[in-house]
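Letters A, B, C, D and E mark the chains in the order given here, with residues in each chain numbered from 1 onward.
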Amino acid sequence: MLPELIILGIFLIVFLCDTFTPDNGKKFLTPLTSVLFLLATVAIWIVPSCQESVFGGMYVDNAACKAMKCVLNVGAFICFLEASKWISTKEVVIRKGEFFELILITLFGMYLMISARHFLLFIIGLESASLPIAALVAFNKHKYESHEAAIKYIMTAVFSSAILLTGLSFVYAFSGGSLYFSDIAAQISAGEMSGLLLFALAFVLAGIGFKLSLVPFHLWTADVYQGAPTAVTAYLSVVSKGAAAFAFFIIFVQVFGQVYSAAWEWMLYAVIIATITIGNLFAMRQKNMKRFMAFSSVSQAGYVMLGAMAADELGLASMMFYILVYVVSNLGAFAVISTIEDRTGYVGMDDYNGLHKTNPYLAVAMTLAMFSLAGIPPFAGFFSKILIFTSVTGTNSMALYMLVLIALINTIISLYYYLLVVKAMWISSDAPKIESFKAGCTEKTALWICVLGIVFLGLVSYVYQYFVSSVGASALLSLN
Amino acid sequence: MGITLPILILAMPFFMFLLLGLGGVKMSRKVAGVLGILGMGTTMTLAYIVAFTYFFSGDAAFIIDGVRQQFQVFDVTWLAFTERLVVKIGFLLDPISAMMLVVITTISFMVHLYSWGYMESERGFQRYYAFLNLFSFSMLGLVVATNIFQMYIFWELVGVSSFLLIGFFYRLPSAVSASKKAFIVTRFADLGFLLGILTLTFFTDTFNFVDMTSNPMNVLAQTGGATFMGASVLTWAMVLIFTGGMGKSAMLPLHIWLPDAMEGPTPVSALIHAATMVVAGVYLVARMFPVYCVVEASMTFITVVGAITAFYAAVVACTQIDIKRVLAFSTISQIAFMMVSLGVARDGMPGGEHYSGLGYMAGMFHLFTHAMFKALLFLGAGALIHAVHSNDYTKMGGLRKYMPITHWTFLIGCLAIAGIPPFSGFFSKDEMLAAMFNNNWIWGAWMTMVAGLTAFYMFRLYFLIFWWEENPNYKHHRPHDAPWQMSLPLIILAAVSVVAGFIPFGELVTWNGVSYHIHLEAPVAVTSIIVALCAIALAAKMYMRKNTLPEKFRKAMPGLWTAAHHRFYWDELYIFITHKIIFGIICSAIAWFDRHVIDATMDGFAKVTQKVSFAIRGLQGGNVQAYVLWYFFGAVALALITWICLL
Amino acid sequence: MNLDILWYLVPSVIMFCCGVYGFVTRKNMIAMLVSLELMLNSADLNFAIFNRFLFPDKMEGMVFTLFAIAIAAAETAVAIAIIINIYRSIGSTEIVETNKMKH
Amino acid sequence: MFGNILIWFVIIPVLMMAGLGVCRNSSMAAIRAVMVIGSTILLALAIWLCVDFLALRGAGVDDEMLFTGSWMWYAPLNIHLAVGVDGISVLMLLLSAVIVFAGTFASWKINPLPKNFFLWFALLSTGVFGFFISIDMFTMFMFYEVALIPMYLLIGVWGTGRKEYSAMKLTLMLMGGSAFLMLGLLGIYWHSAPAGGELTWNILEIARNNAVDPSWQNLLFCFTFVGFGVLGAMFPFHTWSPDGHACAPTAVSMLHAGVLMKLGGYGCFRIAIYLLPAAANELAWIFIILTGISVVYGAFSACVQTDLKYINAYSSVSHCGMVLFALLMLNQTAMTGAILQMLSHGLMTALFFALIGMIYGRTHTRDIREMGGLMQIMPYLGVCYMIAGFASLGLPGLSGFVAEMTIFFGAWEDADMFHRAFVVAATCSIVITAVYILRVVGKLLLGKVHDEHHLQLTDATWFERFSTVTLIVCIAGIGFFPNWINETIQHSFLPIIHALQNAI
Amino acid sequence: MVGNIILYFVVALVITVFSVMAVTTKKILRAATYLLFVLLGAAVFYFQLGYEFLGAIQVAVYAGGIMVLFVFAILLTNKPNENENPLRSHRQVVGVIASVIGCGLLLWALFTMPMLATAEGTRSLSDALTSGPDITMKMIGEAFTGTEKYQYLLPFEAVSVLLLACIIGGVTVARKR
């Protein structure tokens, strides 16, 4: 329980500090939270868990879960740094404390999602991870878009949780009376495939697919990403999505592993193709950077899901690595977007025309992020993509091979629109709209972390191997 | 014989080419000219030494029991395609290569000397000498090739030298297009040559001439009787190889480049397009002669092509206005003569041992004499052009008074080519006709007629230039003989043309190395002399004095005259094929196809993607209820579809 | 006549589908939330029904329902907070007013 | 690791990038210094490697690959950074080094953003060198893509004309190819060892294991061959080439046509043919048809183009088609010819593009209808252009002739009607090549001066001369003394030939 | 027994009818009221299924808590008598289709579920009620405070964090500034 407790501890500290300091004395909150958070991450990473499975197997904290949580922490940390400028603006500074508190609680919920081995705990984690985000999305009260995004988000979230609960109730019918993952796994087998189980699977898939924004459960994504404050969008696009992906893998592989090839493999197959393709098709027309990133993240989610398609240790490790890389790449892009938005208010792709003339370093960082997202070597995105493709094709099934082919063909479309951004920044001959400015120190730190991650995560194989070994040490897939 | 001299023969011109080509810009004309002439003079001397050593030293390497041997002075590996199929660069000495060494270096030296005067005022004088040296190098490499691939290499190189020299006046569009035409036509022919080599060497597994020609029956055996489209593959191979020769030697229908090649400087025409390069085809056939002998069909092909070309060119030559074109067609006709002569020679001729190789010997003899007198005629024409500044005989007339040296040397050339004894052409032509008559009287008769036509058009030319009536322009611009650098070669070549017929050629050059005694075949000789004299007489009647006879002639046969004047529309046909069909239809169609089908398909992928992207934008309608509806439908559909699939 | 599991599931499913219908057709956000409550309730009811009929000796389903009610309450609270916020901002609670961001 | 000479081929460009990174954008001298020093070292290194390699071979070292080294990278998937060279790779490295060297001088006055230009240029070189030294499929593929992507910015930022469109098209098409390629490589990896054996990315081991399931081979062969074939400008995937080349800046065109397109051919035999020999034997005919079409089609298309770069691009389609065509003949001679053709085409096209760039830099047009008689104005460039043209049309004494002849003689070894027919078609291309080369030479260099303004133009500067002379020397060098290269290549093809014969 | 059946039919009717009315009525306040009836109906089902505590919670939390929230919200945002504007027809048609298809498919799935082939799946309510222990408050209390398997201390604590978060979130969103 260490990670959760640490997070709750930080939450309490922040909460108390926020409550008992005057409105004009909250400058220290950002550094405080960031530093505490950094320490917490290190602690989570280093301190071994004394007991792997507690509460009668309801909660498990093993090496793999820890690694996943660390990945999420990296994302959250960068989000904190990116948010610092925005959160200090006069419209929202009053809610500065709440921002950190809510983020920390969502993080707590995500930890539970990853560590839960019981659907009750899982659903609580899921709700903790999604409901406060609605409040975060509505953070920019002075902006209409923020409201619209919030209502769209909450409505879809609640609907999806209704669907998820219904699905779980159907799952429950098959569970033999217990909602522990291991018990359900022992009960469900391919032999008794029935319509109800399929509906159960489809509804659970839909419920988690909402968080991952898989097609066709993704339609909220673009509007919410566009309307939400950029820091929240960033958080939503990587951390929330990453946690959902991990939970997805654990649930579908661990609980429904028995009916993998019979049922949900094919659902996932269809969903992945739709996700990658539709995400790409929408992304290529977008002119608003945040909306653009939303569709890009939809399509990226499809690639993430390829790891679940592989449904083995290698798949999970590749997926973790993919998400880590995705975290740094996407947050790199968002760091640039938010830096520019905070200074100038521009978020259109055309506004980036000629960026390299005025802000070359931002342009370089954005370019690297785009290349990494597109999977261009030697940047990390290339490695994560290839590793996940490798893990999928490992089963030697022609169908999966074709799936990878479709995914690969889609990388070309994605390359197209990522290059559009690069084109705007470097090639477009229009006069630059954005004037030259100096980024703040937190933003610079965030950018540096992202850029270093983009450049070195792939070239240094240590991280991936760490994931592989942690997955291997966790016996995650054995049906204990 | 050591390898030093042979290597020097090749190296000297190449070195001069590099020297003049790279350093020429820094040199004055005089230095460049002297260097060029000295270089070629040295080469000529070396070639003479080598040739004389070969023919007359009696060394065992060169002649054994009166049989002249083929001797590879050196043969080094250049490129190994496979373990057996190895391209070598070497130096083969045998009767024909030794003879060619003499011919090439002599003419080349004359041209070098001549050019000093002729080209003196031209821009790019140094470049000109560099190219001349490049050509000499290539041509020498061609004739001394030990293997067919080496020959092909130098074959290409002479092609490009010819291109460079024809296009020497590169500011003139006509020169540029002529050079292009020459290169492309010969290149096309070389394609045949290449395919021939490919086919032949696929079976022989060697490129080497000696290996192939020393046992031609073996070559036939190696093909294993394979056939393609009704003909044996060896026939195909030899005909294809001959195609290369047709290109270089301007046989019908690949002759069209040669008349246009006259756009080059006249000395170049003398060197390349009269004496040396254009006989490469003949040389090629001679080189592969034993192999050709075993495939009857290819020999017949050569004969027929030669016979048709000879007649065609002779007819066209009668109607040309440009004096260089007349000479060009004459060259075509004469080379065709040699081809026929080679084509009629073969083993087991009815006339006995003597006749089997007569055609070969005679062809080579004619090659030699023709080189001399045709070079003479071209250089003479050059002198005329130099004096009159026009290629057109209508701008000339009555020049014998103004340019006596040119006149006399030109007359000697004409007599030689017309086959009037004792000039050299008589002897060689007589031998050729004898060989043809021996093979089949049809060839003999046909070629005798061509010989008559030759005499006619040469004297038509001669009379029109030097007699007819004086051009009134001479009063303003009095033509005069050329300077000594130009006259000296004329005189030397004229002298050679007079005496060359008495060279005991049969002793030196025969197909199998066995020496050969030449004797005149009286009936043939008499017939040909009579025909020639008649033709000259006719020419004199028509053209010596200004009269209306030519005009009447023209009127009498307008169709024929116009057709002949337009060279029977070959050029138009080619232009139609290349411009209209190849460029206009094939190339443009392919380019269009590439842009509008292939490329459009690729762009189409992008466009379709964009269209789809646009078409499905309604999915994201902005209304959360619609989103949820999709969500619900999606979930249900997933379950339903899987269910249906599983049931 | 025998009251078995299906008797109870049928009203639950009807409730669920009414919820879906209401959610996609109501224009008022609060009315949408009302529909949503129907769906959530249906899920809760399912848990209780399955628990009772299939696994009467255990009580996981019932416990789950208890928590689900709490979660539903939390969701409703946040949703209503946002709706009120929107009302304050644009003076309407009609869902069609919030479709400015699209495509 | 750093004791291996091959690694330095990657390290030096990376160091160049680092060096450029610290240069100021405005200090042209420093940027040039870094580039010149770097590319000179690379060239020296390549020559040194070549000499060393030949010495080792001469000393009887008969391993398939020399200077091998292998360092574990991604252990879970057995990915190594594995390097090694055979004769072909050595020559390719030499070619790349020469062209990078020449390209550096050709872009002496690049503008704007010289620093960025050379940064991407160096990255591109890294990819190219890395590709040729790799014997691990993964790193090979990685370097392959590293080499591709800088093209987008290089064309997009420093190009001319419809540069955005062309850059995008080029990048997307090549990346599309590499998508197929990736799939092929993955398939090969998962079949790289017999059941139970350790899977590997190492090309040599895969070839040794020869364990790719025959039922998969055909599919994988199509994927890998098409994947590399796109970069090799195989019909009908060549259309990126004309547009891309037309818009690219000089040095980029040089490097792209000169080296990058060779990556395609190299990959085709090193991976597609070597690792999937059974499929190669079985499916070669399909690609013979496609490449045969490329050869003739490219040549015909070039005949009617009016933009110098388009002419060259189509000519590249034809020549690179010849490379693939020869490889598909699957015999030693033809494949040797293919490599010779790669070298030859690399040098000659680089020269062409360099010259076109220089001419364009002066006349500001590439339309041959708007130029003429340039030989009088800039004789040096004119002569170089003619030499390049002659090399292209296969004049003996220059490299193209050697390559083409080796190809034809090799290709002729297959005696069946199908092969013969396509070889004859391919030989026809040399005539068509002559046609379009002479057309350009005639219109561009010879004849009358078309535009009076051109009379004021100057001839080549010293760095331009340097760049072109380097290339011409190499072209003539191969043309005059081809045999040592030929032998080196032939020897390197033995393992592939054995693999092919065993697979029949 | 018969009482159970009658009660079942009454409640089922109430749930069905008021569900439909809750989503079709024009007046928002009425919708909330109908919802209340449905919730109460569900509570009755819980009682009938032997989950008294659950029924009580349902009444307390839903009827007592959530409904009040709804009513407040409605009163805050709407004039009580205001009718909803007519809906766009196609959305309504699609809604009907969606719900009918969903209903049909779900019912089909439920009617074909494999449990119906087993003894547990077909037993009647009275059998079900007797085959398990009565759920006493003691059992519930122990389950909520224990850390063993089938005990729910952790979720209980976690859900409190969730509620806290929602409070913070709700306040953040809803307060004026």
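In this text, contacts are C-beta pairs under 8 Å (C-beta built on N, C-alpha and C of every residue); 3 or more make two chains touch, one makes a residue touch a chain.
Keep in mind the model is a prediction, meaning the values are calculated, not measured.
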Contact-graph separation of subunit C and subunit D, given in steps at minimum: 2
Two chains joined by the most C-beta pairs in contact, as defined above: C-E
Chain centroid nearest the full-protein CA centroid: D
Per Cα centroids, the chain farthest from subunit E: B
Reference subunit C; chain at largest CA-centroid distance: B
Intercentroid distance (Cα basis), subunit E paired with subunit B, Å: 102
Between subunit B and subunit A, distance of the C-alpha-averaged centres to the nearest whole Å: 77
Where subunit B and subunit D are represented by their mean Cα positions, the distance between them in whole Å: 37
Whole-Å gap between the CA centroids of subunit A and subunit D: 41
Per-residue multi-chain contacts in subunit A, two or more chains: 120, 124, 127, 131-132, 134-135, 138, 141, 150-152, 155, 159, 163, 170, 173, 178, 195, 198-199, 222-223, 285, 416
Of all residues in subunit D, the ones touching two or more other chains: 172
For subunit E, residues contacting two or more additional chains: 91, 94-95, 98, 102, 105-106, 109-110, 115, 150, 152, 155, 159, 162, 166, 169-170, 173
Interchain pairs in contact, sorted by label: A-B, A-C, A-D, A-E, B-C, B-D, B-E, C-E
In the complex with subunit A, residue positions of subunit D that touch it: 73-77, 79, 113, 138, 141-143, 145-146, 149, 152-153, 156-157, 163-164, 167-168, 171-172, 175-176, 179-180, 182-183, 186-187, 189-191
Subunit A residues touching subunit B - in the complex, by the definition given at the top: 151-152, 155-156, 159-160, 163, 193, 195, 198-199, 201-203, 205-206, 210, 215-217, 219-220, 222-223, 262-264, 266-267, 270-271, 278, 281-282, 284-285, 413, 416
Residues of subunit A defined as touching subunit E within the complex: 8, 54-59, 94-95, 98, 101-102, 105-106, 108-109, 112, 118, 120-121, 124-125, 127-128, 131-132, 134-136, 138-139, 141, 150, 170, 173-174, 178, 180, 192, 194-196, 198-199
Subunit B - residues contacting subunit A, complex: 606, 609-610, 612-614, 616-617, 619-620, 622, 624, 626-628, 630-636, 638-639, 641-643, 645-646
Complex contact set, residues of subunit B against subunit E: 625-626, 629, 632-633, 636, 639-640
